[in-house]
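First, the structure itself, so that you have it in front of you.
Every chain is named by a letter (A, B, C, D and E) in the order it is written, and numbering of its residues begins at 1.
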Amino acid sequence: MDDYDLLDTASGNALVTAIDHGLSLGATEGFRDPEATLRSVLDGDPDAILVGPHFARRYRELIANAGVDVVVTADIVTNSTRPGFDDGHDVWTPGFDPELLLELEPVGVKVVLVFGRDDRQLFRRNLSYIAEMAEQLRGTDVPLVVEPVMWGERVPAELETHPEYVARAARMAWEYGADILKLPYTGDVETFEPIVEHSPVPVMILGGPKSGTTAAMLTDVDGAIASGARGIMIGRSIWKTEDPTAVISALDRIIHERASVDAVWSE
Amino acid sequence: MDDYDLLDTASGNALVTAIDHGLSLGATEGFRDPEATLRSVLDGDPDAILVGPHFARRYRELIANAGVDVVVTADIVTNSTRPGFDDGHDVWTPGFDPELLLELEPVGVKVVLVFGRDDRQLFRRNLSYIAEMAEQLRGTDVPLVVEPVMWGERVPAELETHPEYVARAARMAWEYGADILKLPYTGDVETFEPIVEHSPVPVMILGGPKSGTTAAMLTDVDGAIASGARGIMIGRSIWKTEDPTAVISALDRIIHERASVDAVWSE
Amino acid sequence: MDDYDLLDTASGNALVTAIDHGLSLGATEGFRDPEATLRSVLDGDPDAILVGPHFARRYRELIANAGVDVVVTADIVTNSTRPGFDDGHDVWTPGFDPELLLELEPVGVKVVLVFGRDDRQLFRRNLSYIAEMAEQLRGTDVPLVVEPVMWGERVPAELETHPEYVARAARMAWEYGADILKLPYTGDVETFEPIVEHSPVPVMILGGPKSGTTAAMLTDVDGAIASGARGIMIGRSIWKTEDPTAVISALDRIIHERASVDAVWSE
Amino acid sequence: MDDYDLLDTASGNALVTAIDHGLSLGATEGFRDPEATLRSVLDGDPDAILVGPHFARRYRELIANAGVDVVVTADIVTNSTRPGFDDGHDVWTPGFDPELLLELEPVGVKVVLVFGRDDRQLFRRNLSYIAEMAEQLRGTDVPLVVEPVMWGERVPAELETHPEYVARAARMAWEYGADILKLPYTGDVETFEPIVEHSPVPVMILGGPKSGTTAAMLTDVDGAIASGARGIMIGRSIWKTEDPTAVISALDRIIHERASVDAVWSE
Amino acid sequence: MDDYDLLDTASGNALVTAIDHGLSLGATEGFRDPEATLRSVLDGDPDAILVGPHFARRYRELIANAGVDVVVTADIVTNSTRPGFDDGHDVWTPGFDPELLLELEPVGVKVVLVFGRDDRQLFRRNLSYIAEMAEQLRGTDVPLVVEPVMWGERVPAELETHPEYVARAARMAWEYGADILKLPYTGDVETFEPIVEHSPVPVMILGGPKSGTTAAMLTDVDGAIASGARGIMIGRSIWKTEDPTAVISALDRIIHERASVDAVWSE
């Protein structure tokens, strides 16, 4: 069930660079010139990039020429009604039509599943949407990637990567229809490995806002892969660095060749 | 009207083990490793298992090889927007498409009917959904199993299995379209028998959270069958025990052979 | 326009016994054993019974063998989210699909039109639903029976049968699409006759909760028929009595033969 | 674009008597016996009557025999959830299906556009509905008549016919899709003429609640026609009078023959 | 991807005069006589006019004879439920059917994207609508013009043209599906040029309420074109002037011939 093109690599893992942030943040620091950021990412030769469908359309030729696959984001989530601001509540809505998404020949379609909201109706719509999207993609060979996150007001920030929360959220995400999970990393192999093992669908990890050093991020990725994760979908920790191409190369060696962090990176 | 495959057993009764809890609880105590729990249940050889549709997809081969049928859960109900928590209000939403459900060749499709909610609009949608789902399944040979429960805030916990509530709820459930009822057991034959007798559709019982001993649960099941119930759809009281396979075997003898509780179980 | 099967009797009137109460009350006093109540009603040989569609399905053969027609209820209305309780506000929702309803070969489809609600949005949906249902049935020979009632919080109980309210409500009901009206009786010929005369569609009367004696009910029916009404759709005042069969017989003689109340009933 | 059947008269103007009030007021003073009111109106031989679609169905033969056309009302608007009452807020909802409306072979379909409501969501639905109905009728030869009115709580009663309000509302109504406007008359030619002149679609005037004398109403109609209006859709000021037939005759001479008010009426 | 008819001019730029204000303002100062305003605009021979679809229908021949293209507005936005008033909150709703819009053979379809609203649900619908409309137009050669504006209560008026807001809003607009952006001008080339450069889709500028002199407006347009913008969609600063035809001529020389403001205008 999981011989998806996305994971059809020599290692069976996939390095996906997320550059779909324009959908939620607009023109943001480090990503104001979309073509420049795209080029620096493509230069690193990731297996795929995660992009909005219209981003994929606008730069279709550039991406195709680089021989990089696309995973497309199907929903829209911002954190304010003001452009690119964060007012503490997500504004989530179904976004793009499956016909548009599939016309882009993606290797995956990505949606979020936001836990912890005060707005129960929005949560219900989010659940239904995942089930619907799973049904839309069933029968195609394009997997539905679900990203369960604890962004809601009812989950304190420090619990967003707590193993108990992540384990539960992961289970719910594939019970609702995920073919691949994009999970928060719990921080260590000991807690993450059972989550991966108990999942009948492949697990990848997300990045979140760039917070620490590149080395720390690489260490997390190394731990995730060691836990059995099949790759990453990380954005800001790549393109907010000084040399995205170099970071992707380092990630590539960890993810595909299981090189050690020390072997691939020194600050 | 009730020669459904599900009840087409030698005794005319059916033992269904419910393992659809991932939909609402996520990875929960006793069910963190879904394949392990599934295997321990299949080893007991129940007539069918109650599962979410994507659970059925992921473990389709394993289930088929065990020769066990599936009843699929069509809606999603959790008790919080936080993953697997209980904040005292159900978050209910229509879940999965009938096409997906039927593609799994189930012997039943299961939905809840939650009474007692403060949220009247949600209750209305629940009613409409049952009527719609009944219509979707009409003309197939797959029965609609409706589980009327008193989970809402307006019904005190101690009344959730009260005969008057259960009788009314049962009647409403089949008037709205149930082909089979999954009812709370009222606790004794005296009160449950008339409910079963007054129902033109087969009655099965649910388990609820594991609260007492296995022997107590078996005694309830024995009473339900003695009342005319055609079987059970019980989960936690099975897979939260130390030996689910043994519990299922004991249930099997009570349900199909009308063995006594004493004959099949000693703690 | 009104040569409906329902009214195609020797007298041109119809006696319909309403036994669709399970939809709103669940298992209720006097109607806990649905088959027993159904049999006692069928024994009286009414022209038709008013039932929920799934009730009609479950007892189809029994009803057909009795040679009694069915009018089916298309919507769901309860007075609480608790099963069969009355919390003072109606919970109304569109219920059953026209395809299901028509498959039952009914001689009428019945819906309510609830006036006086505080919830204006629900009222709007009720209005739209009647218009839609009328359109669904147009072109079939199945009439839409609309029952305009003053159940909302904004109409005091003592005005629910006031001639001015009934007259206005009746007019609105057929302007929205009713083919037949099921009206509250105003209590006397003087006030009810003009309402019937001013209606271009046939009028029948409803019963309401059994409140008085059978003789009083029969007197009301006699008055309604004298006012030009074409029959009744009454339930509780029939099946809550000791001998429903006898009450139906008495009603039959009043409605079809215009016998006097004294001639057909003595307590 | 405006050679509609409705305006295809010798004068190019049309006299439409509105008798669709049962939709909002139920059985109301002066219109309790719908057939009697209809006959008294038809006797006056107006060019058309404005009616609800089911009214048109019920009295189809009578209307057809009189050789009078129908304009049908497509939406439902009442002013209370109580039947025919006015609680100060309109309850508006889309009503009847275009298929039903067109099956009646109308010379126009009429909807309201209510300005000034506190309920912004209802206003939005009203706007969308007009645009949708215009699209449904495009390609038929049936014009959409939009009646923009200032009934909402936010417009004081004395401004409901203010030229500035009427001019703006008229413009918006045809920008949203009206083929013909049914406007409040502003009270004098000086202010009404520019509104008519600036409209690319024909203008007719509405009546409103009967408030003054018939002579005053006729004077208003005369002023409207003098301003370039192409006719009227007036109800209560006609059928609430003692002799509707006579009032219609008087209107006919003013509208079609441009007779003076004095020539056609003396109280 | 951007060889749209709209921009297929000698200069590659386009001068669009916006006269769709009747949709939101009704009959407004300077635009009370729609035909007169239209004629004065057509006399200036802009490349296209921005109009509501029914405006385009009513004056189709006049516009076609002038050889001027149309961009049509697809949604409805007013600022009050009172006609043409501004109560400080936008009332936005999807308006016109793509079939109607395309039947008018437009060179563009225009919608707004309003940032800063308190009403999050309305914002969500706005986002979804843009995505849907983009999908409806995909495969036609008609570009979707999105106008991202900061009208909501949460953005102070002085920030509506702030470069950071405009940059973010622009990015979001094309990520959601815009083929062409209609942006607020930030006031100087220094800040506007990077916004244009970072956009993979053509940028045009909007006008906003006429606030300054015509010379000031022309200077802004000149700056926008110097920044790489491909033209304008400006209304009130044109038709609220004494001589719209002359203003359009001046704009034409700036936009197409890159004449200086001084060369084309002196007050």
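Throughout what follows, contacts are C-beta pairs under 8 Å (C-beta built on N, C-alpha and C of every residue); 3 or more make two chains touch, one makes a residue touch a chain.
Keep in mind the model is a prediction, meaning the values are calculated, not measured.
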Exercise for the section: In contact with subunit D and with subunit E at once: which chains are those? Just list them. Expected result: none
Handout entry: subunit A-subunit B separation of Cα centroids, rounded to whole Å
Key = 36
Handout entry: subunit B and subunit E: spacing of chain centres that average the CA atoms, whole Å
Key = 58
Exercise for the section: Would you pick out the residues of subunit A that each touch at least 2 other chains? Expected result: none
Problem - Direction subunit E, origin subunit A - full chain order round the ring - result: A, E, D, C, B
Practice task
Mind listing the subunit A positions that touch subunit E in their complex?
Solution key: 22-23, 25-28, 32-35, 52, 54-55, 57-59, 76, 78, 80-84, 89, 91-97, 99-100
Exercise for the section: Name, in rising order, each residue of subunit B that touches subunit C in their complex. Expected result: 1, 115-120, 123-125, 127-128, 131-132, 134-135, 138, 148, 150, 152, 154-155, 165, 167-172, 174-178, 194-195, 197-198, 200-201
